[in-house]
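Shared between the two complexes below is subunit A, which has subunit B as its partner in the first and subunit C in the second.
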Partner chain A sequence: MSDVAAAPSQSGTVRFLRRFRRQTLSLWALGFLIVLTLLAVFAPWVAPYDPLQQDLDHVLEGPSADHWFGTDELGRDVLSRVLFASRVSLLAAVQAVLIALAIGVPPGLVAGMWGGWVDALIMRATDALMSFPPLILAVAIIAVLGPSLTNAMIAVGVLLSPTFLRLMRATTLSVAQETYVEAAQSIGCTRGWIIRKHVLPNVVSPLFVQISVFAGVAMLAEAGLSFLGLGTQPPESSWGAMVGRGFRYIAHAPSLIVFPGLAIAVTVLALYVLGDGLRDSLGRETRQES
Partner chain B sequence: MSDRPLLEVRDLTVQFQLGGGLFAPKRTLTAVNGVSFEVMRGETLAIVGESGSGKSTIARAVMRLLEPAAGTVHLDGDNLTALSGAALRAVRPKLQMVFQDPYSSLDPSKLIADIVAEPLVVHGRARGGDAAALDRTVQTLLEQVGLGAVHMNRYPYEFSGGQRQRIAIARAIALEPKLMVLDEAVSALDVSTQNQILNLLEDLRTRTGMAYLFISHDLGVVQHVADRVAITYLGRIVETGPAARIFGSCAHPYTQALLSAVPEPNPRRQRARRHQPLAGEIPSPLAPPSGCPFHARCPHAMDVCRREMPAHTAVDGGGSVACHLQTEGPRLAGKPLAADTPTPP
Partner chain C sequence: MLLAGLLLACAACGPQPPQVPPDATPDPQATARFALATGVTRFDPHRATSSYDNTWLFPVYDRLIHMDPAGDAVPGLAESWHYGDGGAYLELVLREGVVFHDGEPFDARAVAANIARAQTITGSSIGAELETIVRTEIVDDHRIRLHLSTPDAALPLILSDRAGMMISPAAFDDPSLDRRGVGAGPFRHVDFKLGNRSVYERNERYWRPEDAGVARLELLLIPDETTRLNAIRSGQIQGATIGTLQIEQARLSGLNVQTGVGLEVLHMQINRARSHFGDRRVRQAMNHAIRREAIVRALGLGYGEPSVQPFPEGYVAHADELGRLYYGYDPDRARALLAEAGLADGFEFELIVPNIPAYLPLFEAVHDQLAAVGIEAVPRVLEGAQISERFYGATESDAALVTWGGRPDPSQTIDLLFTPGALPNPGDHSTPEIIRLAAAARREIDPERRAELLKAATAEITREAMDVVLSLPSSTFASRPSVQGMRVWASGNKPEFRGVTVLR
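Presenting the complex of A and B:
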C-alpha cells in the first residue's frame, strides 16, 4: 500500500489558496477591497480635510489641486466625505449580510436535514416573503421601525435572507444524501453532531460566493434607500446618501455624484469579481490532476 | 459460544411511500416483504440478489438506517426495532457497516485520522481526550487494514478506491463490532483489489471472530466468503442454505439461473455448460405479480405458480426453498433440477 503519491498532503485551505492565486482579476478585486477597508478604518488620518468643515467661499467647485474631488454645496471637501462615507457604506453592507445569514442559514439547514413537513413549512414561509415586491417590503419595514441606517439594513437583510435559505437548503439536501452522512449515522453520531461535523463543513463553500455577491447587492440597496432618504440620516453620510443630495446640483457640479457613484460602482464590481473568483477556486476537487 | 444467533431477523418488511403530493395518489412500494434469517456468531451470511431485489434495503433496515414497517431485528439479545435515540446509539458499536461506494462514504473535508477516530470519539472511547493515545489507536487500526501512520494526515481524495475501502473498514472495526454489514463492499472495486479486500476481511474475521452480513450480487465472490447464502428475489428470500449446498445443488430455478451466469474459468467447461439466461427484467415492486414473484421469468412455471405463493420447505443438505417444484409438478419433490432438461410447462 505504498502507491500513494509522495506529494505533500494539502488541506482544503491550502488547495483553495493555490487555485485562488491564479485568479488575477479576483486578486485585484481583493486588493482593492482591502485598501478600501484600510482607508475606511484610517479615514481620520488619511482624509485631507474634516468632512464636516464648511468653506462657503468655495462651494460646488470641480476637482482642483486643493480639492481632488471638488467641494459640495457647503464647501465641504468631497474626497474627505467619500472616505468617511465608505465607513458607513461598508459597515452597512456587512450588517445586512450578517442579518441575512442569521435569518437564512439556520432554517435552511433545518429544512434540508429534516425534510418533510418542516421543510414544507419553512419553504412556504420563504415563498410568501419572496412574493412581496422588495422595495415595498423595505419601505414597509422602515415605516414600522423608523428611518435609520440600521433599520434599512435590517430590511435589506430580511430581503436577502430567502436566497441564503434556499442555497443552504439545496446544498444541505445534496450533502444529506451522501453516504458519509449515512455512515456517520451508522457509527452512532447524533443529528446535531452530523450537522456540525459533516454537513456544515461541506456546505459553506457556496455560501462564501453568495456572501461576496450579496455584500455588493446590499451596498446597492443601501445606496438606493439612502438616495430616497430612508437610510443614512444626516449628518452621517454614505455614498448613496451623497449621490442623493448631490443629485440636486447635477447641472452645476456633476463631480458631487460622479465620485461617490464611482465608489459604489467599483466596490460592487470588486465584490462581484471576488465572488466569481471564489466560486472558481472553491469548486469541489475530487482528485488532484498532477 | 451460545447457540442463540447473534442476529435474528423475523418477518422484516420495509415499505416506501411514493408520491403523496397534492395531486398524485400515494403509492406503497414494498421493498422487503416478510424476510426472516439469522446470523450465528463468527459466521458469514451472504444475501444475494440482482438489482431491485431489496438486498441493500435489508442491510439498511438491519442497521436501523431505515424504519421497517413490520418485523423485528434482534442483535445479541437487544431488540433493535424497539430502540431509538440514545438507546439505539448505545448498541450501535455492536454492529457496523461498510458501504458500497468508497468515494462517497468518507467525508471529503476530514483527515483520515479523524475519519477513523470518529467512532471512538463519538462513543467516548477516546480515553479522556488523550490525543496521543487516540493517534496510536488510529495507527493500529490503519495497520490492521494494511495502511499506516503515513496515511493519517491525508484527505480521502488522495486515495484509490481500494485504499478508501480499507479506511472504511478501519472505521468500522474501530468499535470492535460483533457484526459487520458489508453492503456490496467490494462491488465498486476492480477484480484484483476485490481479492485483496476479501482476503483482508477473511483475515479480520479469523482474528476478531466477527460475523459478516455480506450483501452482494456477485455469486462468484460469495462462493469464496460465505458460510451460508440467502437468495433474494423481489423483496423475498427464495432460497437459503449452506454455501456448499447452494453452489452444489441449488433447488430454486432463480438460484440456478444466477449460478449459470457466473463465468467458469475453464473455457472447455464453460462451453460445455448449458447457459440459461433469464428472460425479462425483475418485476416492479409497485405491481408485484400474483403467486410466486418469479413465475413470469421461470422456465418451469406451472399454473399453481401464478395463483399461490410457495411456502418455504426444507431441502436435503440444509436450508429451505420457496418453490412449488419442491412439492408438485413434473419433477418429484426435492429432486435437483440441474441435471434435467427443462420441459415446457
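Presenting the complex of A and C:
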C-alpha cells in the first residue's frame, strides 16, 4: 500500500481512521450504536404502536406476529416500549457522562497544572469521595434529592467523576513535564494558554476512551437504580425500569425482562468494545502492526 | 444489576417439589415456621395500632368471641352471649376452667378489667370500638353484662378482634407486655426479636387442645414476596402469605395454595368534600369509566372479585338486588353524566398512589380508563405514613388508590367509610339516608332485621356511588404439602393458625 510510506506525514485523524478501520468488532459496535441512536431518535415513526396504549384484553402475551416482543401486564407493545425506552436509557448515559465530565475535568486540569497544595486538596477530596461505597452513595444522593431520572444520573455522574479527574490530572502532569511546555512557560505563556494549546489536545484521546466505557457503566448504573425504583419514573420508562417491572411477572411472561435485558447487555457491550477499539487506535504509542 | 441477577438465579433453580409420604401422620412435636409480609407494632393488643398485628397476636391471645372462616361470630372464651332488655346490655357466659399462661384465672373479673383497660389506657387504639359500653356488671364468676349506651349489634364481632383479646390482668402493668404477650391463647409467647421473629409454644392447658396442632410455632417477618416464596420452596419455612401473581409459580413448585376473597377492599377512595366529588353524577361517571373485570383479569391474573360494592357476594351486607357490577363499564354513559354535571370538558384531580410496585400498573390502568372519559388523575406517589397524614389527617388530597383492610363487623366498615366523624372518611361527607340506615343497622339486634338494614345501607351507598371500589382482592397463603389444616379467613390477609398441623 502506497500510503504506508507516507504515514509519518499523515495527520492524526487520518492515522486514527486507518487504524480504527481494522478493528472489525469495534466497527460493528459503532454501527450498532449508530443504528440504535437513529432508532431512538425516530422511535415515534419506527415503533409499531403507541408505547402507552393499553389493551387489557391482551396482557402478558409472548412474542407474536402482531407483537414481536409480546405485550406487558397492561397489554402494551413491548417492542415499542423498548424503542421508546432506548431514548431514556441513551439520554441517561449521556447525561451522567456530561455531569461526570463537568465535575471531573476542570479540577483534574487544575490539579495537574498547578500542583502543590491545590493538587493535594483536590486529590484528598477525591479520595474521600471514592472511599464511599458507590451504590450506597448513589442511593443516599437520591434519598436527598428524591427519585427521578435526572437525580439518579446526577448521582451516577458524581460517582464517575473521580476517575475523570484522576485521568485528567495524570495526563496533565505528564504533559507538563515535556520540554515544549517548559519552553512555553519560560517565554511567559500563561497556564491557561498552555492548557488550551498543549494539554487539551493530548488528553482528548484517553478521554474519549474513558467516555465510551463510562457511558456503558452509566447505562448499567441507570438500569440498576431504575430496577430498584430509584431512577426513571413512570409513565417514562427505561430498559432498567422495564426489567424491574417485568420481574414481577417472570413466571407468566419471561419475554418482559428478556428483551429490555438483552438491549442493556448488547448496548453496554457495544460501548465497551468501542472503547477498546478507540484505545487501540488513538494512543500516542504505536501498536505493533502486522 | 447484580441483585437482579442473583434473584433471577434463585427463581430459576428451585429445589425439587416437596414430597409427602402417603402414610404421613400429624407430628404433635412439630415446629411450624411461617412468614408474614407485615410486622407487628406491639404485643399489647389494646395499644397495637395495625389490624395486621392480629396475625401475630392471635396465637397468644384468645378472644371472647371467635370469627369463623366465613366471617360469622362463633364461641370463644365466651360460650354464648345474648342481648338483654332490648339491647340495653350484652351478657356473656364465660368458659369455665380457663387459665392465663401465667396461671391467673380467667373469669368475669378479668373480662371487666380488660374492657376497662382498653377504654382508658393512654394510647388505646380500640377505645372507640368499645365506646358504647358504659359499664360492666359482674353477675357471677362466669357471667358478665356489658351495659350499653345504645344497642350495639356490632359488638359481638368487635369482640372477635383486638378489642376481645384477653390479657392476663397480672401483666397489665408489665412494661415488657409490648414485646411479650401474656394471654390465654393456644400458644404461649416465648420469644420475640423486634421486627423479625416471634416464637410460640403450645399451651397444654388450652380449652380446645386440637387448636394447638404443633408444639412450636414461629412467625417471621419477610417483607419481600419473592423471598417469602423462595423460603417456602427451599424448606426454610413451611408457609407464607403470597401475592396473586405468585400463585401459579407456587403451584408449579408443588406447594398447596389457599386463596379466597375476604373483607378487604381495593378502591380509589375519594374525598367527597373535594374536587367535583360532591356531585353524585361525577362519582357515578367515574364508576362507569372503570373496567373492573379487565383490571382483575389483567393485574390480579383473575384472582379477586370485580365489584362496585364494598362487600363480597354471599356476605350479610351485600346488596343482592344490585349485583356485583351495578355500574358496568360504559364510557358513553360516563361522559353523558359528566356533561350533565357541567363537566363536558372533563377535570383534573390529585390521586395518591402508594409507592408499592403492585399499585403502579393499577394506577396506569385506572388513569388510562378515566382519561378516556376526560378525567385526568394526577399521581402523587407517597409511602404509607405519608398517605395517612395527607389524605386522612390533613385531608389535602382528592383521592387515594388504597386497600381498606376490612373490619369484622359490616357496621364498622359502613360507619367508618361512609358516615361523618370517622378518620377513614376524609371530608365527612354522607347523606341523611345513609346516616339513618347505618345507625339503624348498628342498633338492630335482631339478626334478620339487621341483615335487611345492612343490605339497604350498602344499596344506598352503591346507588349514591359513595366510593369507587375496584375489586375485592384475594388473600393467598402458600404452604408445603406437609402443612395441613390451613384455611383462608374472611378477615382478609390476617391468617390464624388454629388447628394447623405438620405431617411427619
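The rule is simple: the second predicted complex is superposed on the first by the 275 of 290 C-alpha atoms of A that agree within 3 Å, B and C clash if a C-alpha of one lies under 4 Å from a C-alpha of the other, contacts with A are read in each partner's own complex, and residues count from 1 in each chain.
Throughout what follows, contacts are C-beta pairs under 8 Å (C-beta built on N, C-alpha and C of every residue); 3 or more make two chains touch, one makes a residue touch a chain.
Here the structure is a predicted model, which is why all the values come from computation and not from measurement.
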Exercise. After lining up the shared chain so the two structures overlap, which partner does A:235 touch, if you call subunit B first and subunit C second: first, second, both or neither?
Worked result: second
Exercise. Now for A:36: first (subunit B), second (subunit C), both, or neither, which partner does it touch?
Worked result: neither
For this session: For A:74, select first, second, both or neither according to whether it touches subunit B, subunit C, the two together, or no partner.
Result: second
Problem set entry | First, second, both or neither for A:182, with subunit B first and subunit C second | first
Problem set entry | subunit B versus subunit C as contact partner of A:243, first or second or both or neither | second
Problem set entry | Partner chain in contact with A:57 - subunit B first, subunit C second, else both or neither | second
Problem set entry | Touched partner set for A:271, first subunit B, second subunit C, both or neither | neither
For this session: Based on the superposed arrangement, let me know which partner A:223 touches: subunit B (first), subunit C (second), both, or neither?
Result: second
For this session: Could you tell me which stretches of subunit A are touched by subunit B in one complex and by subunit C in the other?
Result: none
Problem set entry | Of subunit C, residues touching subunit A in the complex | 1-4, 7-8, 11, 245-246, 248-249, 252, 291, 294-295, 297-299, 301, 355, 357-358, 360-361, 364-365, 368, 381
Seminar exercise, completed: Note: in the complex, subunit A contacts subunit C through residues 52, 54, 56-57, 59-60, 73-75, 220, 223-224, 227-229, 233-235, 243-245, 247-252
Exercise. Hey, which residues of subunit B end up touching subunit A in the complex?
Worked result: 63, 65, 88-90, 92-93, 96-97, 99-101, 103-110, 118-119, 122-123, 146-148, 150-151, 153-155, 157-160, 163, 166, 168, 171, 175
Exercise. Within the complex, which stretch of subunit A touches subunit B?
Worked result: 1, 3-5, 9-12, 178-180, 182-190, 193, 197-198, 201-202, 284-288
